[in-house]
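Chains: A, B, C, D, E and F, in written order; residue numbering restarts at 1 for each.
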Amino acid sequence: MTRADGRTDDQLRPVRLTRGFQKHPAGSVLVEFGDTKVLCAASVTEGVPRWRKGSGLGWLTAEYAMLPSATNTRSDRESVKGRVGGRTHEISRLIGRSLRACIDLKALGENTIALDCDVLQADGGTRTAAITGAYVALADAVSWLGARNALADPKPLSCQIAAVSVGVVDGRVRLDLPYEEDSRAEVDMNVVATDTGTLVEVQGTGEGATYTRATLDAMLDSALAGIEELTRLQREALA
Amino acid sequence: MTRADGRTDDQLRPVRLTRGFQKHPAGSVLVEFGDTKVLCAASVTEGVPRWRKGSGLGWLTAEYAMLPSATNTRSDRESVKGRVGGRTHEISRLIGRSLRACIDLKALGENTIALDCDVLQADGGTRTAAITGAYVALADAVSWLGARNALADPKPLSCQIAAVSVGVVDGRVRLDLPYEEDSRAEVDMNVVATDTGTLVEVQGTGEGATYTRATLDAMLDSALAGIEELTRLQREALA
Amino acid sequence: MTRADGRTDDQLRPVRLTRGFQKHPAGSVLVEFGDTKVLCAASVTEGVPRWRKGSGLGWLTAEYAMLPSATNTRSDRESVKGRVGGRTHEISRLIGRSLRACIDLKALGENTIALDCDVLQADGGTRTAAITGAYVALADAVSWLGARNALADPKPLSCQIAAVSVGVVDGRVRLDLPYEEDSRAEVDMNVVATDTGTLVEVQGTGEGATYTRATLDAMLDSALAGIEELTRLQREALA
Amino acid sequence: MTRADGRTDDQLRPVRLTRGFQKHPAGSVLVEFGDTKVLCAASVTEGVPRWRKGSGLGWLTAEYAMLPSATNTRSDRESVKGRVGGRTHEISRLIGRSLRACIDLKALGENTIALDCDVLQADGGTRTAAITGAYVALADAVSWLGARNALADPKPLSCQIAAVSVGVVDGRVRLDLPYEEDSRAEVDMNVVATDTGTLVEVQGTGEGATYTRATLDAMLDSALAGIEELTRLQREALA
Amino acid sequence: MTRADGRTDDQLRPVRLTRGFQKHPAGSVLVEFGDTKVLCAASVTEGVPRWRKGSGLGWLTAEYAMLPSATNTRSDRESVKGRVGGRTHEISRLIGRSLRACIDLKALGENTIALDCDVLQADGGTRTAAITGAYVALADAVSWLGARNALADPKPLSCQIAAVSVGVVDGRVRLDLPYEEDSRAEVDMNVVATDTGTLVEVQGTGEGATYTRATLDAMLDSALAGIEELTRLQREALA
Amino acid sequence: MTRADGRTDDQLRPVRLTRGFQKHPAGSVLVEFGDTKVLCAASVTEGVPRWRKGSGLGWLTAEYAMLPSATNTRSDRESVKGRVGGRTHEISRLIGRSLRACIDLKALGENTIALDCDVLQADGGTRTAAITGAYVALADAVSWLGARNALADPKPLSCQIAAVSVGVVDGRVRLDLPYEEDSRAEVDMNVVATDTGTLVEVQGTGEGATYTRATLDAMLDSALAGIEELTRLQREALA
């Protein structure tokens, strides 16, 4: 029982991390998980929001969005609708929380890093690709600050962060689901973890179904193996 | 090393489920997890949204909100701000998804159930209390429909749904965190599960920290024991 | 010709004022006029809005809202619609204006009191119940400030404020209309007055009809008697 | 003790009603109460809102607004702020309710009349001028419909509607307050009534003060005399 | 081949500029191009927006809007819709940009002038009438500041600004199009220029058609002649 | 006097048109004018908006937006601000109007084409690059419809559309301004024209300065030569 794209159950799609995609932001990475393409930019601003001034701590935020043309059927533009949808909000918060887990905000000093993750093309796993790419953009932004002697401490990043989706499709645990599998998965889980295999965020959802702890364990095994591979690719890209 | 409120690490706060709190909705339950108090109402409307008409399937939605006076420091009213915040959106979506896991929408027939979970007083764990109370309100709304012969099939509920928070505080895995513990937890997890112990949703977040799989397992053990107790209390309340 | 609920024309519904309903706000009162139940909270913030700083005067605002599940048919949530409706605005303004009539803002000192009146269950007269309950919550908040020596002057409240509805139903002047009468009243009036019988606000509306000055006078007689009784109940509750 | 503009206490400001101010709407009246100038337009649309279709009844709505340049200090544009303020909402609702008191919606047939009251210059009493002018614009719109045989019944207007403000200033009851008096009035009342002296709406507010029933009676006497004069001027304008 | 209103192709409609239309703003002009009537107000505020403070430069903004009753068919109110439409935005920006071309913001000193152009009646050419009238209101506001010694330099206005529309209708180049011509024009151009004939803004649009450079030249000839006449009328009005 | 990037005054930046950039939309083109990069997608929907149904005519709309990371300094996201800005509105309208000039909506049949122009990187001339790229995306979408026999008539495109900016910088007329020149241009013009040199839209703005007709003519000469070259590149890309 093979997958439509020929992969084995525990295999990632081809992953590409292209640094320097845009010229303006301090870090700019195009991340591709198969046909999913997300542009991750890390923009640096001197100073922090008002409520944080004088604390000696920096700040990191994230915003996720999807181009209307990224999806199979054109989706409406949230700026035109005049409000950010629930799903967008949720993913933006997840990305920000995940990346804050690897950065020492004291070492960052009173600087703000805004991570913009804009999906150019969607084919499942956009949030996990975004987190994986955003880490690389963040690393570039931190280097950029370091080169300008603008860090309070030289090494604000304590670990790498990557993420992958995993789910149960056709009764089998499968890694890194494309849209075709994601849309009919019985269980869907997103895992964010570090390069040493400790967990940052686990979100597992039964889609109209429930699942056992044994399934949870099998999904975690698969996801953590995938994340190990993703952090290796991050290191390669940053080398 | 005892907890500030005298509980053991794996003990729930006192739980109360008061049915019939309001006279208008088909189901209305005040749920209390210690000082956390959430009013859960299940309102029934004949018919379904336009995009679902003629499908023979019913629909279930949920909205979560907090009274401005529910929190320690008064919070701004989202209607006045003119937009629903990210946290509110996220929790509303979680509640809806969790409760849809127990209902057969075909058996419900073309009826819509709106679950409103309004927090009257917040002391940690509002979303898990909301899910636990909403199940009881939903059960009442389903009985109400049954009594009017308005169901397509007599038993639309396939299982019970309850939820509880669990976290790592002071280095120890603790169940059902009040605000005082929640605000300083190193890891924070919300678990939604059924009365047979299968999982519906697992959301575990390191708060500025990461955690091991062993910790994840210990948290799940504690949460599932708590949920078993909560589903027993639901049955008692509905008896 | 008796009323559906057995009352005489000039009789109030059973009134209950429960103090200390919530633990966080400085004042928190559940007020019930029959089946109408409104949660009135008075939250204290040190300081005043920017435009008032350094004036030596305090400030008092009010916000009124209705839970979606409070009404006979579920109403849409204003936060989700993204705007506060005209009726909500109007009542919020009425409550604030009414309560500001009894407080000496100089004596209050540079403190802000926010009155939140959230309708848990609606059965006519929600705005008059809200005003009556908000006065008691306000009195508690003022005592709370006094106990902390945070008042500029020990007695900022110059009188009591209460309110009641009155209308013409079936050609008869009736006091404190429940929804069933309110929805078919020919004339509808809300009266806000003090414990000494002076007027704060009179709002009388012909509903698709007009009315004579004699009717206005009869309605005022009935309302003022009702308010006398309500202020007696406020004193009892605060004793 | 005379008034700043030389009027006696019970005297109206000079009132002008200019019909046909705009060419597009079926009725268009510029009403002036002294320096207060409001443009009242009655626009007719065939048909009624969806929820009223097939009822045989017409509909009448009103919207009030103020030009930014109308006030002493320029006020922000509500379209730019993105929301209609509470005061605007409240006055729009008052105008609509008041004018619906004189029209038989069955006789109007399934037509909609929109009354737009735009304040070109504000000097107190804009809402009462708006109501008084809107009645004349409405009368013109009804004639316009009659001339096209578009009414279900030839006489949909059962009476005239006019309005005036009255207040207590410097301890004296005064009619038709300009801004200079209105801004320092102790009590402020708006009265809407018919040409036969029956009441449509009474809204009396103590501004940081309370008032006795005797004051209420004196204010009503003054207002009703003013309204009698205003309805005479309406008849003249329409002759 | 004459025009419906009897004009020759290169003739303006009757133009009127009425100064002092409102009493509050420093400048207030009712401008009429035939049946198009726009109220242009110039309101002065001491000081400038925060981002400009301490620069020694003044600021000038413009907002354009249309009364709902101004058009042939009633248009919805943008404040009620909760957002300013694209056309409104575009015209507001055009007016501000055009008038900033004639004012030396250094000479203005740290003052802000807000130009409000509210269309009372629309019959084509509202934006060009607005610019032409706004110049006169601006001149009055500048005099008002001069009289109060509030200018940094006595002559902040370097030239006059006026505007007119021109288009191709029935195959002929025609000046100052009323709605009847504008709505069926093949090409439509708005020209803003100074009293010495230099250009400020040229916006020419093929409406579902394209046009040659020869047509562009003929339109410019006609527009510049019209603007010469308009600047003469401005001088007369200001004399 | 050469330009910073070494070009002559009448030379375009290097232009690239990459078709098939995204897999979902019927047409998807990445257009580059030097460092300005805009992703232009043409999405096809069967059917037309409600107000156009049954007319036999198709519809074409356009939306322009900028990624936050596209600009030199990160710009705020319009979806988060909750409203589309004036500049965005204006450019979206320009693109839609320009492209509608080349399409026969009757030949298109009752289909809707949405053109999304999202700026990935901004360096001046984003709107003209967007129009030039959108034409190619539109041509691909029309071919896509033709291949599915979904057109009412086989050749809905009557001409090509391209656009370029031109301005006066350092006293010289220059073509296709990058940000560095655009930001200090004295005059700025955008020209949209067809492959036969007829004009679609001309927008020339003095930036705090005015300009003569001779300058206008020189700018048009330069722009039309540039557009001739751009339409040649479009034909090459589509070959």
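Throughout what follows, contacts are C-beta pairs under 8 Å (C-beta built on N, C-alpha and C of every residue); 3 or more make two chains touch, one makes a residue touch a chain.
Since this is a predicted model, take the numbers as computed values, not measurements.
Asks: Chains shared as neighbours by chain A and chain F?
Replies: Chains in contact with chain A as well as chain F: not a single one.
Asks: Through how few touching steps can chain B be joined to chain D?
Replies: The fewest steps needed to get from chain B to chain D is 2.
Asks: Indicate whether more than half of the residue numbers at the chain A-chain B interface occur in both copies; give same if so and different if not.
Replies: Interface between chain A and chain B is built from largely the same residues.
Asks: Counting only C-alpha atoms to place each centre, which chain is farthest from chain C?
Replies: Here the answer is chain F, farthest from chain C.
Asks: Starting from the Cα centroid of chain D, hunt down the chain whose centroid lies farthest away.
Replies: A
Asks: Can you give the rotation angle that fits chain B onto its twin chain C by Cα atoms, in degrees and rounded to the nearest 5?
Replies: Answer in degrees: 180, to the nearest 5.
Asks: Mind checking the centre-to-centre distance between chain A and chain E? Centres are C-alpha means, answer in whole Å.
Replies: Averaging C-alpha atoms per chain gives centres 50 Å apart.
Asks: At what distance in angstrom does the C-alpha mean of chain E lie from that of chain D?
Replies: Centre separation, chain D to chain E: 33 Å.
Asks: In chain A, which residues are in touch with two or more of the other chains?
Replies: 82-84
Asks: Which bits of chain D are touching chain C when the two form their complex?
Replies: Answer in residue numbers: 83-87, 89-90, 92-93, 97, 100-101, 159, 189, 193-194, 197-206, 208-213, 216, 220, 224.
Asks: For chain C, which residues count as touching chain B in their complex?
Replies: 22-25, 28, 35, 39, 41, 43, 45, 63, 65, 67-72, 74, 77-84, 88, 114, 116, 118, 120-121
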